[in-house]
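Chain lettering (A, B, C and D) follows the sequence in which the chains are written, and residue indices restart at 1 in each chain.
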């Protein structure tokens, strides 16, 4: 069995931690390097107390791109605006999946929407992982755009995310338990940071784009994203479902459901659950997607991309059921 | 100080319980009757262990409309389809607020959208309390419809509710803690039961109605509703905010906020928090409302209606801050 | 009706916020001053969006003990070690209740265990409010100690608290939603900071003290404390219940329950719920107490103390039911 | 690689579901039979939407012990008092692990405390899996009892469990989300059903037993058990830690921690996390254990037992990190 050496940068964060959890179960990846700002110097096992002993004893490094061991793959999960410079220094021999946002739609990097265009990703060496909101949104929209069932210029995305999507250690108390628990709010009205990424991909698949409306909401739960999308089109429900089923035929991580999906279907996994409902009389097409924001929305898709880049079967190490209840 | 005798039917449910909590703090209402299916025969204090002694010793009755004491006011919170017949038997001398859904837009009953048309409610004797989703939706839409800032035929309501909105004791485990916690889903796509009520009120205020899209979601929290509404119109943000502020000038329970409201702003209170954002270039008007589904969405608005019916100052017994955190 | 002018210091924190919520409903207290570190300069209404207009327009000050308005009462809720010096400067004319921990068992200050010794508090001008864990622990123990039903030298307190007990704005992510949700832990084994306060009161009521074991736990909920206490004694359950019922006869905020209490019984209120179970064969006496850590554990008891200090009926402004569900 | 055919009875419940999740990742177990009361007739994939296709298409049966396929292993997770009769009918060729409570300390069945006495389990064909509370309690106590560091006749166990421990589908609303969320309570004071099982094992390891005090609490979270144990003994902290470390040397699922464990350390895994603190001056020894009630407390330990029964390496299919955050 072929083995590849792997490193993770940003191990103290939720994305890096989830990458570690998946890699620990992956038969072909061997973690030999982990770097993190707040945890440098301690052993992996002190942060992740359920690791196997061989992983637990790895010492967390301060990230220095000039002093990396030889790696077949690096998973980078750094804060926004902190990865361009250091990742540019890393040898082409090392494949990189950037979970962070700095390389999306940047020259030389492939946008890693793995369920939609796996062939673009196979064998590449620099992949920008989609953001968590775009992963859920674009997964639902792609079949409709591809089959021209909706007008790409009138799309409304009402998105809801668990709190881990805000990242760890913001330093203020905005995401403190007693603030977030039993609360619900929208934020970033008409100006959310993920909009350009979504718009660009809509244009790529749908031909053009205009007027996307994207409203994120913070939900009192740890993991999960649900996007409820309202678009214009004449197709009925059956046509939309069929379009999604044919578009994603043989795609192993996409499940087109007969009823509205729950985020819990996806907890701890790389799956995306889709559902469609349409009312031609109102020219309305609704699309719903449920993912784990740390799975398909971050580390799950990152490892799916890594599998494609390394020539491994796409589901390797990812084919495990969600956690329930 | 004038005193009115009050009864509550449906005391075992969440709506009835919240009515009890408010009435216990109301200076002009004296509870002398409480009825409930599952709790008949026990004392109020055994169900609500923090009640004052005078209320705690009241014995819960099995509801019998033919054997009511003389009441100035009855708050009814019965399951759907169970209130028409019994409430019809009750003397006109007893004012009734029906928190349940059976009398909304029914002849002889006033639709109790208290913040919007208090004058219709003052002095009436039969009021149908709005549903929780309609309360949040219509509170946000009314100023836009009244000022003709949006097209009443193209409204999308993406609504999110805490679990207490589903009522108590459904008997299955669909709303069990381990099922709902850390989960999020949409339900009733394109066919939710509250749609007719919302549509009728849109038509009443906005002149006509067509094509309402309403999508409810279940949120892992106990209390709270947030509606995120997408409509068509040319107005900008300032115009919408100004319309809401003038429409609700002097309305004591409506707060038009400078930023997106949190449901927690409203927890345990009768307030509704509104916010608007518009993008004329896209002909988009967004309206947001946050309420407590058991407050403005049920018992709070019921007591506001009762105050209006009884000729009391509208805020009597309701002018208390929300619970935080 | 007599009116007293009141100030709150520490309005940005959870304790100060809860004091504000109670004072807003209190018929004899008029808030004219509010101070807070992080919120100075803004209006109260911007932090507490459901306040009545008269309170909402009050501007939050930076706390300066030399520049206070004339106040009949000051509620202080400052971080540990920050209240001794400034509060010492305040005129004797202003009564003070210190919710913080700096004046507990300090000369010149009365320990405000209001349900146990109201007569010591009546008319005093400096009261140190009990900590939240001590409030729950001592409320349960007092009748047993007073009636000499347990050995004061062998008491084990297993205490569980919601997250708001940790205060607001610690600045690190230890109490972040995604860290605390779905997690449970003990902390401060054999060395918790509240132990001296509890031990001193055990000695005061029970004659002597030795060997207290106190283990706090963090529970994934916002409000509530439950203490499960294991002590040694020969009494049976009936004797313990009877002792508590006679000890607390006529005490309005204490409820001795026939079964184990839920913390939710107390949410948003100043009540304490007690229950006892004993097994003479094992010389075991168990005592349970449930409170809201921000109610009886902080601001509720503070206002109860203030009522006693000001000569008001003890339940004024506090006689409201808990929030449910 | 050797393969064994497996069946699960009780697939609709939380224990059966977790067994399914683990078996789906187990390299040597092949699920060919699943039975469940409420889900009979539907496909596994309709209940567990993230299953691989080969498992998803398995049709759930109504359990009939006379019509089982040939199985190497059956995992039974039936309600109390419903497994003795049907399991007695099953051929000795089929090994059985009973997650339910009916065969604990019953003749012919081995009590499956896998971390403590793996050698008793190896090669046996009938194993009664420990209950979730006993698993956490006995895991912590075993080293202390074995090394005679505590008095087996004076043990107090204060246990806290997430809601999934109550099982699924009780049919009443006691475990409804709005009832349990933001609530905390003790139950079954001095008479909990798991006490005999714990007492018997204490006697087995510790020589004799008397006077166990066991107090379970319900915590508003889905998964996790924490036991906080108070015992009598002269040992200091270092001695207790050392005793645990030597007792569990080489046991792969036991982690003796330097500080108090969090239940989240164990989420989704078969690990048990232990910690000890002692105060010889008070003759006090404290022991803490954190597990996932569905992992070490049910399905995790069941598969560990199955591995031992089948002659597989004990960690096969179980050596995966916990889910975090």
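Criterion: contacts are C-beta pairs under 8 Å (C-beta built on N, C-alpha and C of every residue); 3 or more make two chains touch, one makes a residue touch a chain.
All of these numbers come straight from a predicted model, not from anything done at the bench.
Determine, using the mean of C-alpha atoms as each chain's centre, which chain is farthest from chain D.
Result for max centroid distance from chain D is chain B.
State the pair with the higher C-beta contact count; candidates are A-B and A-C.
A-B
Averaging only over C-alpha atoms, locate the centres of chain A and chain C and give their separation in whole Å.
45
In whole angstrom, how far does the Cα centroid of chain B sit from the Cα centroid of chain C?
One centre to the other, that is 34 Å.
So how far apart, in whole Å, are chain A and chain B when each is placed at the average of its C-alpha atoms?
39
Enumerate the residues of chain A that touch no fewer than two other chains.
14, 162, 164, 168, 178-179, 181-182, 220-223, 261, 267, 325
Would you pull the chain D residues touching chain C in the complex into a rising list?
Touching chain C: residues 156, 158, 160, 162, 178-179, 181-187, 189-190, 211, 213, 215, 217, 219-224, 226, 228, 230, 260-264, 267, 277, 279, 282, 284, 286, 288, 290, 325 of chain D.
Okay, in this complex, where on chain A does chain C touch?
Answer in residue numbers: 14, 162-164, 168-173, 175-182, 220-222.
Note which residues of chain C are touching chain B in the complex, please.
14, 17-18, 20-21, 24-25, 48-52, 164, 168, 181-182, 222-223, 255, 257, 261, 265-269, 271, 273, 319-325
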